[in-house]
């Protein structure tokens, strides 16, 4: 993998992001209603709405708004949230950190759990362990987050058990234990569907690798099974697993919207729903751009990891 | 029955799918009560002989609501997938057969759209369209389109270099014959497999939108909405959320299992 | 070395004895007998050749010896003895000690039998670590020495490479070095040259003979290629549908085969001495088609494409001049990647090119200019019978398409013509209603040929049409082609890597190397000293016909 | 001149009574942090324009108005210690407390009051209080502690209007600067001052040591915790360390109130859901259709089903029994047969098909709509309920549609209620019912200070309204909140904009 390749990939990412901003801006511009109406709600008189529109700059035409927005971004200024009267960068920045911590924990635990599960299932193909993992993964992959979250709330956080807080957020800097107890349910909800998906993918990759010629060759060299799995099979099934995980980041970024809403996690997803409901365009724009960037970068990073794992890609 | 459907997983998929499809087609006729009828005397009750799955906050029969909700829930998934797959396939086939700069431009735009996480994309569109079942369906379809276009394109590309297609081109067959008779019939396999799994996904997204208040709207009996409406009451009667929640999971699981079995049965490595 | 000492101590006991061994697989249609009462002995220092067509059970036997059978396999009876020791009675830990140390194996395709994510050195040295208890460092040194023995010039550098950085021949040397590493009692070679190019295969074969001579290791050499086996084996067994039909010293089996099957196998081997081709065209025959200065560049992109993801280009063919006379069969020979298929694609109008194609007084300077008349008159048959027929169309649909497209017979007569075509390619007319997957490989290839001839073309391009077929089927397809050519007077461009086959069929031979046409000669002139050095190398590399080895 | 000294006619709720007279209760302890959970964002702190349910408690803590609505629903002194009005109710003079300072230490004087009211009256500044204060002609500072208002028309309830939750006194300095700072920066004269503001999570206020009411507040700090999901909020309140749940859902009230250690509060209120019907479009231009629908609704059942019994049936009077001048309203009992007959008289003997729009937020709108649909079925109403996301509703239906569900909080006075919705130039006039006679009566009621005259005018106005039936108002919804037992002195007002958190203390264990 050359520097030129990386630069080209980064340029492609930027190109993609330009398409994204333009598309999103176009969509948000034609959303019915605007922030002024939403802010004042049912107590807004026509005069008050007009006054607020003037103050928020909503009376200008869309391309002026778009270009001033793009200009702002290029100079690092994401503008002012229409609804929250705070700089977008502050609002979105805080939310991003919170989302990142939740998504990061979910992703890391998923990776730690799903890959061994998939490997275990592949090695023990056709056994009870495989069946149990298979059943789990199908159930996991078929439950939307809001169902999982609701059932977890009902049983784990409900009055019957009350093991965990039913939602909310404690910053890591305030209390590590508080953060941990609050992050468990949302992270579990997010993680379940991904664990199911990734372990299934790893299982099929691993099964394919295990039935490959070079694994047969390795075994016929008299190597012990442990070495065959660890040294020969795993590295070859990890690269596809990384690709799957990076694609699932996109899914995670979607799932986080629902999970944050239910568990009162002050992250991007909840902010996005709030911004959508209030037609807070600068915030919608910034979040979409941010999520698309994260997604694109995660794909880029996964490509780099795959290149490290698989020498064929590295020198291609 | 193909071998892949004779496995436990495939069989379970078929059984679940037939249950779900039966409910989708005949559910409203099998329902014991009017799904909207109030039974003020028996609110938030658990299962009983009168109400097999219990009742909700208005005393409406959960089983009847579930059965009436099946068509909207299932056809949401099928409908949005069909539209998404249809439009996506057309775009993908165009890109795949045209090649050259048309292909390049289409692929770049698709890449741009694929960079937006699916649910986020759906949310934006549905907010733009104004919420509601039809709008949500369209939004999911639009969100599915880029991904399906990619799959259709790669399927077409892999078929396009098959020797029988080359033979047709070498014969000088008109391009519509090559695309419609030689390429498409053989490229639909992966597309069908992918769409059957996508249906599960669409059902889940549809329910999620209903849950977020952006999809189906009351008094619809769509299952996601049922969960959303019942959440307030879940500690008083867990059945109100469990029944539609489990139904969504079962429907999605049916399509997932079916899709996987379909994939296995079309996969030459597995069928030998 | 110690291990050789031990094995030489029991020189009386054969290295491998397979006694009355039977094996079956459980399938959904019931038990499938894969091996039936096999008896086979590999003596010390001997190479035993095991010959059979695909599906005959050759590989099952190899895997049974290495105790690597799938769960669906049932061993019905018989014994497998390694230096007198029953392999069937070994426990798994014991087997793990035997594999790689006392019995090792060389596989067909080095590109799939080497782990793509591990350096070659690690894959070789791990055998030393495992079986000889060497440290990593010692193992690497031993690996270097082992690799040096296989004739690789800079072994230490090779050890640091990944498989994709090595050529096919280099990879197979690493595999062979791994097999020889622990001086095993027996090495099983499972078609070790089939996936390699002719020249490389030749080198690997020489390497085998050299190493075998040096170490006097016993080998079981499995191949479908009788010519190859005749060059390496001391004893030969012929396997047919799980049964050994004939066994004996090489000279007996090849020289005076007793069994009909062996005879048939030998008979179907292409023998350059045995001319099968159609009547030679008159020397003054007109050129039917001629291609001049054909150059093909792959990876050429549109401007937009270049901007978005630039890729390097490479030449598939360069300045190729080629002509085919009326009624002539021209053989186009070359290794894989030599550009012969590129030429086939250019001539059939599937590939953009620079240069000129002349056909019936017309010049075609680019692919888009190629007209309908040309396409009708130049038909192509492809290599893979599985891929060359649309799996969703029935045979009659496939065959009537050209009839309809070129309006060769009126609609009401098409069905009749389809039957005629089927008869011509010696297929029953009931096949008209079948789907391709209901046909065998040879049958599919006949349908593909029938489709080409349906257009009543002047030239048929055959791109490796026999390469994917078993020997016996190969012969009959070649025979069919020649018969059709004879009947219709159609010219043919026959592309193949098999020089023996081409010498049986072609009136004229063209040789391609690295995208260039390096040699063209009449069939009689092949032995001439004027031949290009590459042509000669190819000639030498081709295993001689089995009957000539003796 | 006379001092307003109005006694309530209606029986005070014991709870409110207890809270109005906190000295009856045992000695308070000082200190502690009160944690309040709420389910909607505190999106802005701008007292002029904010409207969120969780935003009001914050400005109620941080700012003071000239007057404030007390637990007895009457105006009580706040920054103004007293006031008087001219007999014709066109001039009002307010006397400010001495020595009051803003949180930043600057003194609060009449010039701040004048600046605030000028901002409210400025059409270029969005201000929610404008609709109840638009009769002000001029406002002037007589001296540092005296402010005089001159009204363009007589308005007896003026001191109630100055208690409007969005009419909080802001410093002159803040108003002369960048107004967007009001969104995030708080400098009021209230019992608590802003410490940290995180709209996504927690907003924290701490004790204002210089609060004008001696010894108050008792608490050291108040934290507002956001839980956007109602189920999660309830669960957290029940099993977590939250002290007060600002708004309790009807569905959870029974469960919460039966939990030991929790004190659930239920305050009857004039809050209502109403069915909006356009007078200028068929079929609602026909009174019979409106009447038919009114008889097709089982109001008690609605209260039981939708409100879990936590409310009172309303019979289309926009004034709930809490209002002094409310007349006895005839009950409209569920009578599908009569409704059917009325519908037939209106020209729909075979029933009528209608589309009823409801926003999905709060859920009660859709619930009422669905219940109405079911109840009105036997009367021949074939109602199709169309629920939509709130933002879509606001953008497309509100004040535009001809048949939809609205939802309003209780207003402090009869006049404010009528002028909000029903008079011809009402702020949110949404039915097209423009009735000159009604306008005249409302005007008469506000223009006099004579009790009997006001009662007469308002009675007649109500009768007119009940006869013309601009809205169907099926019930009045109680305000529900809950606190843990150790929280003492917590109360809310039926208007739900005033929270008196300076009276709250935590009982130490």
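By letter and in written order, the chains are A, B, C and D; residue numbering begins at 1 in each of them.
Basically, contacts are C-beta pairs under 8 Å (C-beta built on N, C-alpha and C of every residue); 3 or more make two chains touch, one makes a residue touch a chain.
Please read these numbers as outputs of a predicted model, since none were measured by experiment.
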Which of A-C and A-D has more C-beta pairs touching across its chains: A-D
CA centroid of chain C to CA centroid of chain D, Å: 88
Centre-of-Cα separation between chain C and chain A, whole angstrom: 49
Rounded to the nearest Å, the gap between Cα centres of chain A and chain D is 41
Mean-CA-position distance for chain D and chain B (Å): 45
Where in chain C do residues touch two or more of the other chains? 308
Multi-partner residues in chain D (2 or more other chains touched) are 229, 231, 235, 389, 391-392, 396
Expected list for chain A, residues touching two or more other chains, is 12, 32, 150, 153, 158-159, 261, 276
Using the contact rule from the top, write out all pairs of chains that touch. A-B, A-C, A-D, B-C, B-D
Which bits of chain B are touching chain C when the two form their complex? 3, 100-101, 104-105, 108, 162-173, 181-182, 185-186
Sort out for me which residues of chain B touch chain A in the complex. 9, 108-109, 111-113, 115-120, 123-125, 127-128, 130, 200, 204-205, 207-208, 211-212, 224, 227-228, 231, 234-235, 238, 241-242, 245-246, 248-250, 252-253, 256-257
Tell me, which parts of chain A touch chain D in their complex? 32-34, 37-45, 47-49, 51-52, 54-55, 80, 83-86, 91, 94-95, 98, 150, 153, 157-159, 162, 165-169, 261-264, 266, 270-271, 274, 276-279
Help me check something: in the complex, which residues belonging to chain C touch chain A? 66, 68, 96-101, 104-105, 107, 109, 112-118, 122-123, 126-127, 130-131, 162, 164-165, 175, 178, 308-309
What residues on chain A touch chain B, complex-wise? 12, 15-20, 23-24, 27-28, 30-32, 134, 138-139, 141-147, 150-151, 153-154, 158-159, 250-251, 253-255, 257-258, 261, 272-273, 276, 284, 288, 291-292, 295-296
